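Common to both upcoming complexes is chain A, partnered first by chain B, then by chain C.
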Partner chain A sequence: MASHYHITLKIRRYDPENRRSWIQNYHLEAGRILRFVDLFRKINNEQDPTFSWNSSCEHGQCGTCSVKINGKPLLACELLVENAVQYFNTPVFNVEPLEVAPVVRDLVFDLTKAYKRIDQVKPYVISPANPPSDQDEYSISPNEMKQYINATRCINCFCCSSACISSHRNFLGPNAMLASMIRVLDPREKEKAQRLKILYGHRGVYRCHSSRACSFVCPKEIDVAHFVALAKAGRFNDPNNE
Partner chain B sequence: MVKKRLERFISHRLDQVPIASVYVKSRGWYFVIAWAHRLCGILMVLFASVHIYTLSFLSTPALYDAKIKFFGLAPFAFLSWMLAIPVIFHALNGGRLILYEMFGSRNDNSMTRWVFSLSIAFVFLQGLLMMLWSRSVSMLFFWLVAATINSSLACIVISKSWKATGSIFWKFHRITGSFLLIMVPAHLMLMHLQPGISQEAAMVIARIQNPFIKWIDLGMLFAMLYHGGYGLISITGDYIESKVLQNGLAALIFLTMAAFGWIGTRLAIMI
Partner chain C sequence: MNNRLRITATLHCDLLIIGSGGAGLRCAANVLDKRPETRVIALTKNAHPQKSHTSTAQGGLAAVDPGDPEDKTIYHMFDTWKGSDCTADQDVIKKICDSSWEQILWLENRGMHFSRNPKGKLSKRTFGGHTLNFGETSAYRAVFEADRTGKGMMDTCWGESLKRNISFLNQSIGTELLFKAGRCVGCLVFKLKEGEFIRIFSGATVLATGGSGQVFKITTNCRQNTGDGPAVALQAGLPMMDPEAIQFHPTGMIGPGILASETLRSVGGILRNKDMEPFMAHYAPRMKELAPRDLVARAIASEIRKKRGILSSDHKVEHVWIDLRHLPDAVHEQQIPEVSGFFKKFLNLDPKSELCPVHPSSHYQMGGISTNAFGEAQDHLQRRVPGLFAIGECAAASLHGFNRLGTNSLLELITMGKFVGNKVLAYLDHLSKEPTATVDFISFDRFSQYLEARGKNKIGQIRIDMQELMTENVGVFRTEEGLSKTIDALRELKDRADQTALGCKSLRMNQELLQRWELDNLLTVSMAISQAALNRRESRGAHFRDDFPERDDAFNHHTIVIMGSFNKVEIKKREIDMSIFKAKDQHFEKFDFIERAY
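Moving on to the complex of A and B:
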């Protein structure tokens, strides 16, 4: 196992002032446990301060550093140099922004626009049920929670949306579907009909073709396709019909 | 042990296939399978269109026989064997998707192994049948068995989807898919049980004149047109953002399918 790697990052740059896009090569000496966000910072510090990228928590919890490395959408803060060289079997990496929203600059895409899709599924309790009369708060039983606890781990990094075979043009996206399903399954939510209308609408679950790329790329290892398949199987029946 | 070694060997070889290997690394095998499913579907819609168009010449048997002779040439015989690949793969993989989406079967790796193993077996069986030139099959019995098995499958899918929430169009796509799952590969196999002879105008006309087979053919025709049409509209809906263009293409696909439906129905009624 090498302690250092000579790696090349072929980064897709974008200059919004001149609306120009190009590929720029950066050659780096990198330690094996450096993450890709560390490489980006190294480029800023040592080679090119104009190169722009996004990150916030840098430990896989916020989803802001998602990029495509050799075509695979992933979190740059989670990918170590050593793992990347082994997985892709090359020290040369093409780095691109996710194409789920317009690119602002280099690897930074417009998160506000990307989040508009999540907003469409109303990721909050629209009409909360009253807590039981003998309790101050609404408690969810472990059995109820078990049905969708995994879906709640989604951090909206948009990797699934980027990988999806249905593209991201007319499909709200696997992560938006998860956000919707969590609230459908949430026993505190009374407004189910409106949710189901969005879930089964023309930008909803039927745009999914079960290519399962969402589950494959999900950094939180959520089996997204499983939840979407549950929705397609009609498991979230309209409470008005029950 | 042998199974694992074989799987490792196959997956290692497949990982080296150009283009596909890039997507296998970046999106996973099921993404590549989903694309293969789409491409096979498109290919089958194209073939079915040519097939219906060719059959429309049955009203003038001499003209039909002249055209069908062309398809009896060696390169076309090879291509017609090759057609078994998209047909059986699309059918079995469609079955896998129905099991995954509607019946909650999550043992996808095992199902995929079955899809590929049975596909390979079917393609070789098809080739063998073409070479054996067997003529001893009773068409009525053949279709009775195929239709009974397939109608049972379709009934299971209908009963599963009937009360579930969701789009009736999507459910009907799955129902027609389950109806075609055995019927289309069976149709392909039957044609090759009696190559040349079974495709002559007199034979085809005699076959369609049987009321049972006539209904089978019409059922297949409409199931295929709906299934293929929905699939094509669904693909255009994935990639075309403009609502006007999307609706325009959907209308065009609908009209094309309706035209083929009309040609096929007229043929079945006339004969």
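Moving on to the complex of A and C:
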């Protein structure tokens, strides 16, 4: 495998001042294990400081740097140059923002608006059951947790929402469904009726078309579609009913 | 003055929180829990609170379980005191350790997904520096959520705030604190997306902006950790305490510096040099890989200095190895899946069969905005600044002194967040009326200067130069010569920064304008760190002076830095609180200025 690559990034840019959108090409020399966020920074430092992009932790824990590379939604901090060249079989990459919310500038889209869908499923315990005592934690067996623990790994990067064929309008989206299901299954949540109403409501799981695109793109490798399929099969109506 | 800059709105609230990470939102949740009608506004520079640096913490949260037959709170206090190299404040240690388990239960009862043992109760693991019976054996004291404890905590604090009707202002920065008759009455805020300034008047203001890891070239910190809170406080004439106390995580992954958690060592990972020697035995014969972070970081740096490191051709950085090859598959898959996966993901290597390259990475700022044990901000004479509070990594009360123990930072966020919430409520009770008077501010002058400056310098290059300078001279090892050189060079960098024309003059989502503001903050904090490090002619905790390698009793005090201007830095002292020692209760002698040996 090569130690360096000649890369071309064809980046979709957007200027909110005059609402102009265009594609700008950047040519870069890049080491094999540089990440796409490193490439973006390299562009800022060496070629064009005006190009805007989003990131925070830059190691796949926060889900801020989601972009579409050659049509695939992914985290720019997790994509190494050599893996990208191999996976897409080209050194030329189209880079676009996710379309799950309006674009603010270049690759920065409005995550606050995207999160409105998550807020609607109430990502917290609505009504906590009483703990065994004031001085104690709940007992939750590892087997019980196994049912939903994978869903708690979701970082709301919105890659699944971007890939989902039905999430752009009425469906709240795969990640919102995960947040909803966690508390349906969490024994500490007393308010199950409201939970089920959200999950099976008119913007809930039945909007899913089972394309499984969510599982395919999830950077955390959560089988989102499996969770949604279980919900659609009615498995969560009564969490005690195996 | 740039004529596009104007105040587009004035908002009023009871509590303004600047920074929406774990500390800020624990504070918000406490205030809203106790008094739901409180009007709370929380700002974050990030795209969303869930994207805060808190979310990236992996290892765990230290707390003594009252049901544990072996562990005792006094042991936790002792470990924290000893770990701090006798520079933490004992009133703060006592307060935080005493209320730790209660806060674990708060998180657990509100839905945090802690890892469980087969009985369904909270699992616990060991961490470096945490011991039973005053250093006898390792303590199982840290509760955790797999290797994403910070995320679990952040999700819970965010959820609890959201549930209680908080107003979030995402992608917004607090550029300047507003004062009226010595009282903090709010903050001038720049909304990045809209490119608009707004004025927020608040009964109480809490700074919770996080750390300043971006001062260094190699850091585990998020991109946005640029020391904004301390810089804003310093610019308001308020002091920063112990800025020179910066922890370098011993095992950052080469390249981006990403944290390879202490967990790797606690499950049995072994550090090796180029000759494959497990070198920690030379530096900490008993604790070896589990010795506190600064000892491990210096051990690694020493190996590299002695030419026993390995050069990475890709990143042009020397490193040592962490060997995880001997660990059973079950450990890789169940205990360290995310960390172990990092090596695969970011370096294309398999830790089950290959050695992993690591080197010290700037990780945590122990110092910060000077506060008392309740998180109330103080001036340089230790008088309370009415209306202003500071918590989390941007603040120093101080729990960590000159070296923080692993798992104590998340504990600090959650406990201090709660304490400050209580103090805010008490403060609001005694507040007479809403301040509506006009207040002077200077942010427009600064932003005009940013927008109208001329010159060919580039922000990115100045930032890289600053990071290299700080990493080289103010990192794991420090000397008089290197520090003096750095202070001169920082002044030059500041001049260069002032002669930098922006490519983009727009106000809306102008990343370059934000980076220009951040660069000023980074340079301000770098100057405070370097001056304090130069002044402290001894070695203590994470602050290691090559020319003064021993701890010196003459420096048994905190450093207080005030900056009249960038070129005018004053250094003062603050006494270390020794209240546990002075109380003369059982084991008080353990809380004297003891030797920090492991």
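Keep in mind that, in the parts below, the second predicted complex is superposed on the first by the 233 of 242 C-alpha atoms of A that agree within 3 Å, B and C clash if a C-alpha of one lies under 4 Å from a C-alpha of the other, contacts with A are read in each partner's own complex, and residues count from 1 in each chain.
Here is the rule we use: a residue touches a chain if its C-beta (ideal position, glycine included) is under 8 Å from a C-beta of that chain, and two chains touch if they have at least 3 such contacts.
Not measured: the values here are computed from a predicted model.
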Which of chain B and chain C A:142 touches, first, second, both or neither: second
Broader residue contact with chain A after superposition on the shared chain, chain B or chain C: C
Partner chain(s) touched by A:5 [first = chain B, second = chain C, both, neither]: neither
Which of chain B and chain C A:57 touches, first, second, both or neither: second
Touched partner set for A:78, first chain B, second chain C, both or neither: second
Shared chain A surface residues [contacts with chain B and with chain C]: none
Residues of chain B defined as touching chain A within the complex: 22-23, 25-28, 30-31, 33-35, 38, 97, 100-104, 106, 108, 161, 163-167, 170, 234, 237-241, 246
For the chain C and chain A complex, residues of the former touching the latter: 46-48, 50-53, 55-56, 66-67, 104-105, 108-111, 113-114, 116-122, 148, 151-152, 155-156, 158-160, 162-163, 168, 170-171, 193, 222-224, 255-256, 258-259, 313-315, 342, 345-348, 458-461, 464, 502-504, 506, 508-512, 515
Touching residues (chain side chain A, partner chain B) in the complex: 68, 70-73, 87-88, 163, 165-167, 169-171, 196, 200, 202, 205-207, 209-213, 215-217, 226, 229-238, 241
Parts of chain A lying in touch with chain C, wherever the complex brings them together: 3, 15-17, 31-33, 35, 38, 41, 44-46, 48-64, 78, 80, 82-83, 104-105, 108, 110-112, 115, 119, 122-126, 128, 131, 135-142, 144-145, 149, 152-153, 155-156, 183, 186, 188-189
